[in-house]
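Every chain is named by a letter (A, B, C, D and E) in the order it is written, and numbering of its residues begins at 1.
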Amino acid sequence: MNGISSAFWDLLRPQAALAVGALAVLAAGASRRASLQVVKGLALAAVVVALLLLMTVRLQVVCLPLLRSDLLGSGLQAVFLSAAIPLLCLMEPADEVPPALVLGSLIGMGLIAVSGNLLMLFIGLELMSVPAYLLVARSRSPQALEASVKYFFAGGTASAIYLMGMALHFGAAGSLVLAPAPGPAGAAGLALMAAAAFFKLGAVPMHFWLPDVYEASDPELAGFFSTGLKAAAVLFLARLAPMAAPAGALVPALAWFAVLTILFGAVVALRQQNLQRLLAYSSISHAGFMMLAVAAWAKQGLAAPAAGALFFYLAAYLFMSGGAFLWLKAAGVRTRAELLGLAKARPRDAAVLAALLLALAGIPPTAGFAAKFLVFWEAFKAGLYAPLLLAGLGALISLGYYLGLIRDMYFDEAGPEPAKAVGPTPARWFALGCAAASVLLGLTPWLMDWFRPGMFGLRP
Amino acid sequence: MSGVVWSVSAALFLLGLAGVALRRQLLAMFLGLELMVLTAALALGCTASLSGRGEGFVAALLVLAVAAAEAVVGLVLILRVRSSGRPAETQSLRELKG
Amino acid sequence: MIPWFAVFAGSAAVAFAALMITRRSLYSAAVCFLAVIFQLAALFYAVGARMLAFLLLLIYAGAVAVLIVVSINAAQEGSEERRRWNQPAFSRGLIAAGFLPPLLEAVVLLARGGTAPAQAAPIGDLALGLALFGPYAAAAEAVALLMLFAALAVVGKPEASR
Amino acid sequence: MTQGALTILWLLPALGGLAALAGGRFSRWIALAVSLAALAYGFWLLGPLRTGVVAAAPQAPAWAFGIRYALFCDGLSLSLCWLTAFLTAACVVASWKKDYSAGYWAAFLFLEAALMGVFLARDLFLFFVFWESVLIPMFFIIGLWGTAGRRHAAMKFFLFTFFGSIFLLIGSVALVTLQHSATGVWTWDMAQLKGPEGRAGLMIFAAMALGFAVKVPIVPLHTWLPDAHTEAPAAGSVMLAGVLLKMGVYGFLRVLWPLFPRLSWQMLPLLGLLAGINVIYGAFCAMAQKDLKRLIAYSSVAHMGFCLLGIVSRKPEGLVGGSLQLLNHGIITGTLFLLVGFLYDRGHRRGLGDYGDLAGRAPWLTFFFGFTTLASVGLPGLNGFVGEFMSLLGMARTWSIMAVVGVAGVTLAAAYALPAFQAVFWGAPGPDSVSALVYDLDAREKGLFWVMAALMLAIGLYPGPLLRLLEPCLLGLAQ
Amino acid sequence: MSSLPPAALLLFLAPLAALAAAFFIMRPWKPQWTHVPILISCGVVTAAAAYLAAMVYTGRGADVTLYTWMFAGKWSVPFGVRIDGIGVSVLCMVALVGALIQLYSVGYMKGDPGFSRFIMLLHLFYLSMIGLLVSNNYVQFYLFWELVGACSYFLIGFWSHKEAARKAAMQAFLTLRLADFGLMLAVLLIIVQFRDTHFALFHAVRFFPSMYHPLIGLLILWAAAGKSALFPLYFWLPDAMEGPTPVSALMHAATMVTAGIFLLVRSWPLISAVPGLPGLIAVVGAVTAIFAAVLAFTQTDLKRILAYSTVSHLGLMAFAVGLGQITAAVFHLVTHGFFKATLFLCAGNIAHASGKSAVSVSEVGGLWRRMPLTFAAFAIAAFSLAGIWPCAGFFSKDAILDAAFERGGWAWAAGLAIAAASAAYIFRMLFLTFFGPRPEQSPARSLHEAPPVMAVPVAFLALGALAVGWAREDLVAMLFCGRQSAVAAPSLPELAPKVAAAGLGLAALAAGVVFALTMGAPSWDWHWRRRRPGLAAAFAGDLGWRRVVAGFVARTLRVADVVGRVWDHETWDAAIEKTATACRALSRGGSAMASGGLSESLWWLMIGAAALLAWAGLR
């Protein structure tokens, strides 16, 4: 192991744990003796160990041709690792493959978090996406296969576009390290790579795969996608941001795409009848806010508080959106019509969803508001005034369906086919936990103080 | 020499894109997809060898490996579509919309 | 001076790529794809990356292209496409055209004693291997994992079709 | 008055709300107890306020970004807190007989807590959090227990106010950021913040004023008011008209005037004009209404126009008069809505033509409605007049034309209030009138209104104590 | 001088105590006895008024502040009592007449279900009128001024089941509010101008006219015109007759309507400082007097004749004020209070006896035989109104005629015209009602003399109408002691025999002519109505002024409808609602974009990448 220095191991410990976990899961599955519960337990253990190891990763900047770590990276790593926990608990896999795939996807996300090199970024992207395609294919909904094929082809094209961008970048800069490349070729390369990042995030013109995938996959998987995958996609974008040739060159495009995403996502979600598809469009709208946060962060020369705002948004989003999808699983509700008059039939469930929706809408006492407030503030500090106003308008439009759902639940009488089926109780506990977190986290946005704003030093 | 390489890879990339976007059969689109990835690997490899930096070779090689992995997944999915009784074309994948 | 060899290989690659996406029948598309791979390998060779050329042929032509042909075959049973494959006139010509350029290139290379027409100094294959398992070990490891998870695609039947 | 003492004032109803939620059958008793306790505590706070301990320094450390949990209280805030507590208690008593679920009582207590928070907040961020949290309980009150069109009204109410508060949020963020770039200190404390000069200052002033204007409501942004008032349950309309409208004017008084002293004085022509339009437009709209609650809603628009006239004039009389009119309007319109609520409980109709000749059947209801209508019209001797007169006096000393418009508004007030009274209580019953269903007030309701009537008469004839309470904190804003 | 005389306090406390006792004790316990505490308080108030009059007569006035009402910054408004000549003289009349009328109303409203409510409302009005007379600053004056207006609304609309009563009450209140617009604005401008609203300020100091001054004067005139039914805003008074007769007698004859004139007299120092204003008041007064007298002559309903006669006499008082003779105006105000109240109560007796609330001229005739006492009282009051020598009216009207004579020119002609016209319509009413029933008249059988509780107050008032004139010098003396006014109001002019003769002559001539017209063979009074119905209708409609007023009201309602329904609801609110539907339409378009096709999504991906490339290239 002469070539691999000790620092190398420091950064990859969580990924190594996940890899070992994945292999263990496959081995247990192959041996036919271990039951599915054991397999899921193993996977869960791997994730927990990875989380613990993540704590030990020294948060300083380590620079190797391939790897580099910083607080934002490890912070978001914690986000998508914890996003996997409810998924692993609640998924009912046919065999041992889906848990392994989840671990594989987590490894991919981990690699994006610690990558300092465009190639590593690409491999992380692929390692995240390929298991995702398969996980979607294995979902129970009849259209699962269709969604996974769409996801595969769109994802494949995006990766190809990313590769072409990387090649152009390599042509211009001569190295694959995350550093700005001079000349038009570098800019073109960055543009293509950014296009791939926008695709992964679900930014508007490249978002068409997202609603189909979220609608077709199982609720808990869609929850994982909306929180875990989105956190990794944001991180992927955050890695690209400092590579703009003159500092902040990418920012105006990022800001205006963000506004387009927020508005389009909010408007289209108004009419959605399938709840998972509605939450998909709402997650597109929230992705817009995250893009705005990244733009603000890049515009302020990678200032720490902006990174803090981005992290807090994703942390809050983990509880809000993840909680919402888990609630769908717990309540066994699929369409908006089933929500009518739910408050009278199941007051506790309705209250949990109401709390989550208020958080998603960004109403003050909730974490959603604190997250939006921090993004608004950073956007203002970065001088993105017009995008800020339009983002506010998007938030207003998003109220239309968040409050619409609450209205359907509380103010209407039960519809023709009220929701009868009730999901597994652990799902209800997870949903309740997420709702509580998304409200309490709001009351103490000053949690940021614990992150010591100065810590988000991200020098390219 | 690099002019030739870049023009070839640009042409092939665009053809690959066209293949993916225009063809109706999934397998033809898949071929287009593979072509685009190969072109990227080509660009990387040739630029590396012309500019003398080894990093490009590693990248090209790994890209090929990743493309191979992707190919497996792609083909499995396409065959599943075929085995579920639907023709392997984009028209049969129209249920999820709105 | 104009690198004739690279130009010829490149233009052949582009020609076959164009042919590939225009052919209605998948079989001919697969054949054209193979031809493109050969030309790319030739281009690699022209540029001096002999190792890459060789690996490309090994990985792509050997494994992926075969997989594609098998899949096309599996995906077409019972359709009229299969019947057309049996008419020799049409596809055999294509195969011949596909393999003519590599043959010519091989002849030229042999004539030049195995060195690429262009005078680019070839990068040591040893350096490539060392880099792969030195600083880039993490990337190689990751790709290996990716291959593992991709292979899982085949395992088990999806719930939908059961 | 330590921070803790003030925190109790808004925390008590909040915890009460939680208790009421869990209370089940006893939740209405919990609600009554907590609201009365809050009122008593509010009055007790007068002692420390009177002994000059106006605002204890906020002990909370400066958490991230300069936001700190800081409350403060002076005459204006305390009087508005009294109003909130009093009206909440009145609502609880008024809806005592109705079989509402535990959520109803809890919603009122949460509403009271949020409103108290708005009036006590010293930190701009905390002010905004309370400002928006008011929306949630009100949204549920209108939506769950309202009348037929409640769903649409609740959504419209929420979206409208949220639209305003987006500008408020962006304005405050801009304010703090520019303050930081000027002084290098992150602070959200209203006392330390100073509005920037020049174009940026104007933009921030405009944004925040828009946020407050939606709540006042200033005319172009008022269309949420009639729907929300008409569809809300009786007690809901009381809180909506009684206190929520005051938040807008309180925002002008507490945030805009101190932060932009010179700019707000330069904006006098525009704000004065808007206030004048409010008065006249509200009066004419009220005249055209056929529904009793919509009429009272539009009358609230006119009355808030008077408060604005007083406050915009920046004369001592105007400021004190405007603030006093906030309290008066709260009591008067609160009583009116309670009465209409009782009428609706009996006749289940709100149209002017649906009743007629109730004087014979329900003399006490007629007496109280007449009494409150006279107060609403501004009959001297009752509290409506004192606030209006002083506001108009303030404006007369600043911009006399607007005072003329204001007095015209007072005259128009009679033109819409009395025909309504007459149509419902005196007029001949129409063909489909439900007057037969109406029976007179019972002891609980009469007691409630005797308290209200006594208050109106007392403030009308002897406003001294309230004026002494309001005056010290407002003289600083006079120009 | 500064110590508060206890009697002044009694003026407030007695009625308040009585009202409280009536409302909280008598009403629930024994409603039919509610008048007991009220009548006691009337007595106390009359006694207090007499005591204060004596006090002022001996030269001791008072201007004391009870407590500070409103205050902010440097400005404050007190709540106080001012006892001076003008106030006390009118106070005595109001107290006495009010007490007698409330005694009368006990009898008049005996059977009515709302008896206790009526008595209490009447007493509340009594309290507010007294408060108005003794208040010591404009804001407090405005308080009682509005309270009086509100009481008139509830009293006119007392019989709320009658459509006409409701409409009249609403019209009265809104017209008074329109007038109060003037007073409130005037008060505001006074405070802005002089920083203080005490009447003492205006009486003591000699001040110079300033920018707001003419406006304040005009607004005060506008307010007085509304309350005292001068020309533009008089139309509510005749309709106010829908209320019970005691209300008409007390409010719309003796007390409330005189508040306007009282305001003019109180603000005389202000008005006299404005150059053209007194002249304008004189003209308005004269026009109102003549116009109303002509209309009175053509009315058929008894109470409406008296209503128009009140309007005419108020015009006369305004005419006197306009001529600068505020002492004559006050003197006439006092005497008018007595004889007009008597006339109304006699009409009330007739209505009470005939059991109908409104009695038209055709339903009476030859009543002198059946109701001798009422006839006697009516005759005395009629003589007083016409200004015939022994009665009080002669002295006060003569004083005004002297002033008119001194001014000469149009004023003298107007004075004579008014004297003649007022004699004409009152004698017409006297002859038609009491003298031999005309063939067209069909008096009700049941007409009989009123019960003592109603007859005694009428007798007293008739006595007052007779005797008050003789107390001319004492009244003048009282007006000048107490709080001295810097602007010396000229004392009553001497009784010039020539003017007196002219006045008496005209009155006698008018009486003769009217006797001929009404009692003569071809009963002219009915004759011209049948021959020219158009003319009769014109007179009934106040020569088109009612159409003007109706038009104004209709236009206001139309404006309200346009603003309320069209602007606010149908355009502005609809526009805001439309944004919501626009969002939904956009949403339908947006979700249609996601057509589910794989190629389309790839196309969009390429378009996005191309856009980014263009952006990178562009920059």
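The criterion applied here is as follows: a contact is a pair of C-beta atoms (placed from the backbone, for glycine too) under 8 Å apart; a residue touches a chain by one contact, two chains touch by 3 or more.
As the structure is a computational prediction, the values presented were derived from the model and not from experiment.
Undergrad: What chains touch subunit B and also subunit D?
TA: Under the touch definition, subunit B and subunit D have A, E as mutual neighbours.
Undergrad: Report back the single chain whose CA centre is most distant from the CA centre of subunit B.
TA: E
Undergrad: Grab the C-alpha centre of each chain and report whichever is closest to the global C-alpha centre.
TA: Smallest centre-to-centre distance to the global C-alpha mean: chain D.
Undergrad: Using mean Cα positions as chain centres, tell me which chain lies farthest from subunit A.
TA: E
Undergrad: Any idea how many Å lie between the Cα centroids of subunit A and subunit E?
TA: From the centre of subunit A to the centre of subunit E is 78 Å.
Undergrad: How many Å are there between the centre of subunit D and the centre of subunit E, using C-alpha atoms for each centre?
TA: 37
Undergrad: So the centre of each chain is just the mean of its C-alpha atoms; given that, what is the distance between subunit B and subunit C in Å?
TA: Spacing between the chain centres: roughly 11 Å.
Undergrad: Would you mind pulling out the distance in Å between where the CA atoms of subunit C average out and where those of subunit E do?
TA: 109
Undergrad: Among the residues of subunit E, pick out those that touch two or more other chains and give their numbers.
TA: 591, 594, 596, 598, 602, 606
Undergrad: On subunit B, where are the residues touching two or more other chains?
TA: Expected reply: 16-17, 20, 22, 29-30, 41, 48, 55, 58, 62, 66, 69-70, 73, 77-78, 80, 84, 93, 95-98.
Undergrad: Going through subunit A residue by residue, note those that touch at least 2 other chains and give them in order.
TA: Subunit A, residues with two or more chain partners: 65, 119, 123, 126, 130, 133-134, 137, 142, 145, 149-150, 153, 157, 161, 211-212, 272, 400.
Undergrad: Under the stated touch criterion, can you name all the chain pairs that qualify?
TA: A-B, A-C, A-D, A-E, B-C, B-E, D-E
Undergrad: What residues on subunit A touch subunit B, complex-wise?
TA: Against subunit B, subunit A makes touches at 65, 119, 122-123, 126, 130, 133-134, 137, 142-143, 145-150, 152-153, 156-157, 159-161, 163-164, 166-168, 170-171, 174-176, 211-212, 215-216, 272, 274, 277.
Undergrad: Provide the residue numbers of subunit A that touch subunit C in the complex, in ascending order.
TA: Answer in residue numbers: 3-4, 8, 12, 19, 22, 26, 64-67, 94-95, 97, 100-101, 104, 107-108, 111, 117, 119-120, 123-124, 126-127, 130-131, 133-134, 137-142, 144-145.
Undergrad: Looking at the complex, which residues from subunit A come into contact with subunit E?
TA: Checking each residue of subunit A against subunit E gives 149-150, 153-154, 157-158, 161, 184, 187-188, 190-192, 194-195, 198-199, 203-206, 208-209, 211-212, 249, 252-253, 264, 267-272, 397, 400.
Undergrad: Please output the residues of subunit B touching subunit A within their complex, sorted ascending.
TA: Per the touch definition, subunit B meets subunit A at residues 2, 6, 9, 13, 16-17, 20, 26, 29-30, 33, 36-37, 39-41, 43-44, 47-48, 51, 53, 55-56, 58-59, 62-63, 66, 69-70, 73-74, 77-78, 80-81, 84, 93, 95-98.
Undergrad: Flag every residue of subunit A that touches subunit D in the complex, lowest number first.
TA: 305, 308, 358, 363-365, 369, 373, 376-377, 380-381, 388-389, 392-393, 395-396, 399-400, 403-404, 407, 410-412, 445-446, 448-449, 453
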